[in-house]
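Chains: A, B and C, in written order; residue numbering restarts at 1 for each.
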Amino acid sequence: MKTNPGRFFEDYRIGEVIIHAVPRTVSGGERAMYHALYPARGALYSSDEFARASGLPAAPMDDLVAFHVVFGKTVPDISLNAVANLGYAEGRWLAPVWPGDTLRSESTVIGLKENSNGKSGNVYVRTKGINQHGQVVLEYVRWVMVRKNRMDAPAPEAVVPDLQKVVPAADLVIPKGLDFTAYDFSLAGEPHRWGDYAVGEKIDHVDGVTVEEAEHMVATRLWQNTAKVHFDATFREDGKRLIYGGHVISMARALSFNGLANAQMIVALNAGAHANPCHSGDTIKAWSEVLDRAETTAPGVGAIRLRLVAVKQGAEPFALKGADGKYLPEVLLDLDYWALMPM
Amino acid sequence: MKTNPGRFFEDYRIGEVIIHAVPRTVSGGERAMYHALYPARGALYSSDEFARASGLPAAPMDDLVAFHVVFGKTVPDISLNAVANLGYAEGRWLAPVWPGDTLRSESTVIGLKENSNGKSGNVYVRTKGINQHGQVVLEYVRWVMVRKNRMDAPAPEAVVPDLQKVVPAADLVIPKGLDFTAYDFSLAGEPHRWGDYAVGEKIDHVDGVTVEEAEHMVATRLWQNTAKVHFDATFREDGKRLIYGGHVISMARALSFNGLANAQMIVALNAGAHANPCHSGDTIKAWSEVLDRAETTAPGVGAIRLRLVAVKQGAEPFALKGADGKYLPEVLLDLDYWALMPM
Amino acid sequence: MKTNPGRFFEDYRIGEVIIHAVPRTVSGGERAMYHALYPARGALYSSDEFARASGLPAAPMDDLVAFHVVFGKTVPDISLNAVANLGYAEGRWLAPVWPGDTLRSESTVIGLKENSNGKSGNVYVRTKGINQHGQVVLEYVRWVMVRKNRMDAPAPEAVVPDLQKVVPAADLVIPKGLDFTAYDFSLAGEPHRWGDYAVGEKIDHVDGVTVEEAEHMVATRLWQNTAKVHFDATFREDGKRLIYGGHVISMARALSFNGLANAQMIVALNAGAHANPCHSGDTIKAWSEVLDRAETTAPGVGAIRLRLVAVKQGAEPFALKGADGKYLPEVLLDLDYWALMPM
């Protein structure tokens, strides 16, 4: 059998390092595709001149381009036989990715816990994205529920990693040279600065995008994510293709420009849940809540911790969870991240 | 309220200069996207070698890429609350845009006239696209009908700018170095030169393209045009997304290659009307009429003034207006422009 | 009549050389589009670093990007009035195409044979793709059945070229410098090397992609292929757009990564048949058969001859032909090619 059957729960070992295929060189082509797939308008990622005025040598690749490229490579080894993508933690962007950079990914298995039914288990991996200089540009922890193949395989000793609920502000890595003291709010699109956002404030981002099959497949392939459920309408009984959760992340993040235009760079992913599946024809909208604020050592640069919630048509304003504590059916995504903003 | 409500009629002042967000660096990525979205085949924009043989340092970005990038930035400030896009005038391409250039846009309010119903008014703006050297690469006048928000806001003094019906041939700006004396008609795709076109001649461009939701949204986002009507199927009662008028312009212009392959560069936009809305599933076709011809000072380069009409399925040959002087329902676009052609 | 009516059977002459419009400069933009349209994951085309470790200066453009760019240019001159695309032979990739290269195409008429019904005939052309240095990067023979326009045009003397059934292994051109002795199988995605494949072995590539109108039109335009049947839903009575056969080739080749990840570069096209039409909504899957193997003079580089078959939903495993010797209705493509693989 030459094709990849994917790994099953019993195939993972604590401490194992998995080298993921396939390395990828990114260019202005990937940037243009990203800006065509999502209404991304962050000035720092849109304009070399704006980036230079902010102390960077040029506009880096969008923060989520880095995430998707690194994540996509892990799919054949981590989530091909996954039942569910359970969570993210301790995600940090450690260095900008530039056009021309080549990224590869590797993951270390840091946790394993078989479910009581004996048919599946949770796998925790810490994934690193590494550029051509050997520099880690991004790291995050993800855990997924993976099916067992041999039901009689013995349960491994349960190891559940102790993960930070939130990346501490002191651990955020600010891109070298970043300086927002000469920030041009007119060119950036909104006047609101770090100090204008209060903890607990909620923002309805107003705009919506109805998503299409062609778009999410183009996006998902761009990141070389090969999971069958996103591409093959004959794979599921209902004939529906499931939209890659990262497509919803990028769509919601781009929609949040309207109200958070100056939340320029994502530097940490504290947590994330794909609350409900998204399908072609759904209209994605988004709202945010300010969870925290922190100063940084970079000139004029503040950090803001945000909850980003993606919802679909029919959602009430600021919809999140029901009385039972479960996500409402119209909620697609609940993401907790740190971004950098001019003070 | 942190999101952008857009401007209403009473928010504009004569002489006011509006700096539009977000600056944009363009690359070979945007070019590839443009050529994948439209059947664009103009040799000057397709081949660095052809451009060099025509006296340019390399292939510039397509003329309409420059237009869309500049136009898209104006939407959040000019047309978010527009009822109708009424017209264009005095458009001129002043310098080529090259891969790597960063464009920003600014608009000056040059006209205001409240409608007699007191509920809306016409806003006239002159928009400039400016590159990273501070050079104006494109300018045009656009006027839109915009809703009032406060019905009791007093009507401003009516100012209606005196606009040229047609950009005079003497005012056309020819890209520096352009020389068509060694023009290769075989590589360009057609043998017809400037002298082969007679004023009054009409050309049916024959080919048609049935348009899809995914395509027009990808295109519209690429230009960072954020108007809700293009993206959100829940926004209108009929559940239909309206296709950005610029998508129709680019589609018709690209289709006009078949019969006008040598009308290489658009250098002026004299007038334009989006006659009827276009929706996904419509099949766009195009025809052109030669309106005028003029010589230029550049070697081997003639100017040709063309009417470009986009129609949809069901249109009669050369359909334009009915006996009542109104556009026929199958007519989508009526555009009047100057292009450069080998003599 | 200024538009291109295309050529009819009686318009071709043996020995005639046709210069095709429009030359095209390719960049990282075309590469990103290609990787977004197809689940292409070949490491050599995905990563500059992987290509350098394989002795090349950087990642070349995908082999099939070169094919599509060269092929697309021939459509207005060769197949606009074609009834059927009958076959390919003697295809060879002679030099890599790099970002920044400009390609043009020319074809020589090498065969003509009128059909006995007097209404059409077969045209054989040898097409060359040529870069800006005048170097031939790709050549192949294609033959198509073309309609006659004037039924009374005399039949030309029948000339049917003597074509090789298979490009001999000794005639394969290996890119200068290619060296697989330090090949990294982990980064490439699979452990299987040249010696692991046996002649006669069949591989079901498992994955499937349901194709959409927007995707195949974007792809087909990217190659400046203008055939009406791909774009205009009003052109055919059934309202269906026909998917460009090259879209199926690229989709199947990309799907074959799963099982043939190390079949890195296509260097020859021995034969090919578009067995049945493909439409939007079809789910494309693929299987391969190992037809032959050969050593090469390049260090660590073996050649493998593969049959690549694309099928659609409903196909039995390894479906190809029925008892009558005809392709089964679910078979879309039967392609015979040579690829290079690490030994």
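We adopt the following convention: a residue touches a chain if its C-beta (ideal position, glycine included) is under 8 Å from a C-beta of that chain, and two chains touch if they have at least 3 such contacts.
Only a predicted model underlies this, so the values are computations on that prediction, with no experimental measurement involved.
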item: Superposing rotation of chain A relative to chain B, computed on C-alpha atoms, to nearest 5°; value: 120
item: Same or different contact residues where chain C meets its copy chain B, judged by the half mark; value: different
item: Rounded Å distance between chain B and chain C, as computed from the means of their C-alpha atoms; value: 36
item: Residues of chain A touching at least two other chains; value: 27-30, 32-33, 99, 212-215, 218
item: Residues of chain A that touch chain B when the two form their complex; value: 27-33, 35-39, 41-43, 46-50, 59, 99, 186-190, 192, 196, 203-210, 212-215, 218, 258-261, 281, 283, 313
item: In the complex with chain B, residue positions of chain C that touch it; value: 2-4, 19, 21-25, 27-30, 32-33, 76, 99-100, 102, 104, 132, 212-215, 217-219, 221-222, 224, 226, 228, 231-235, 241
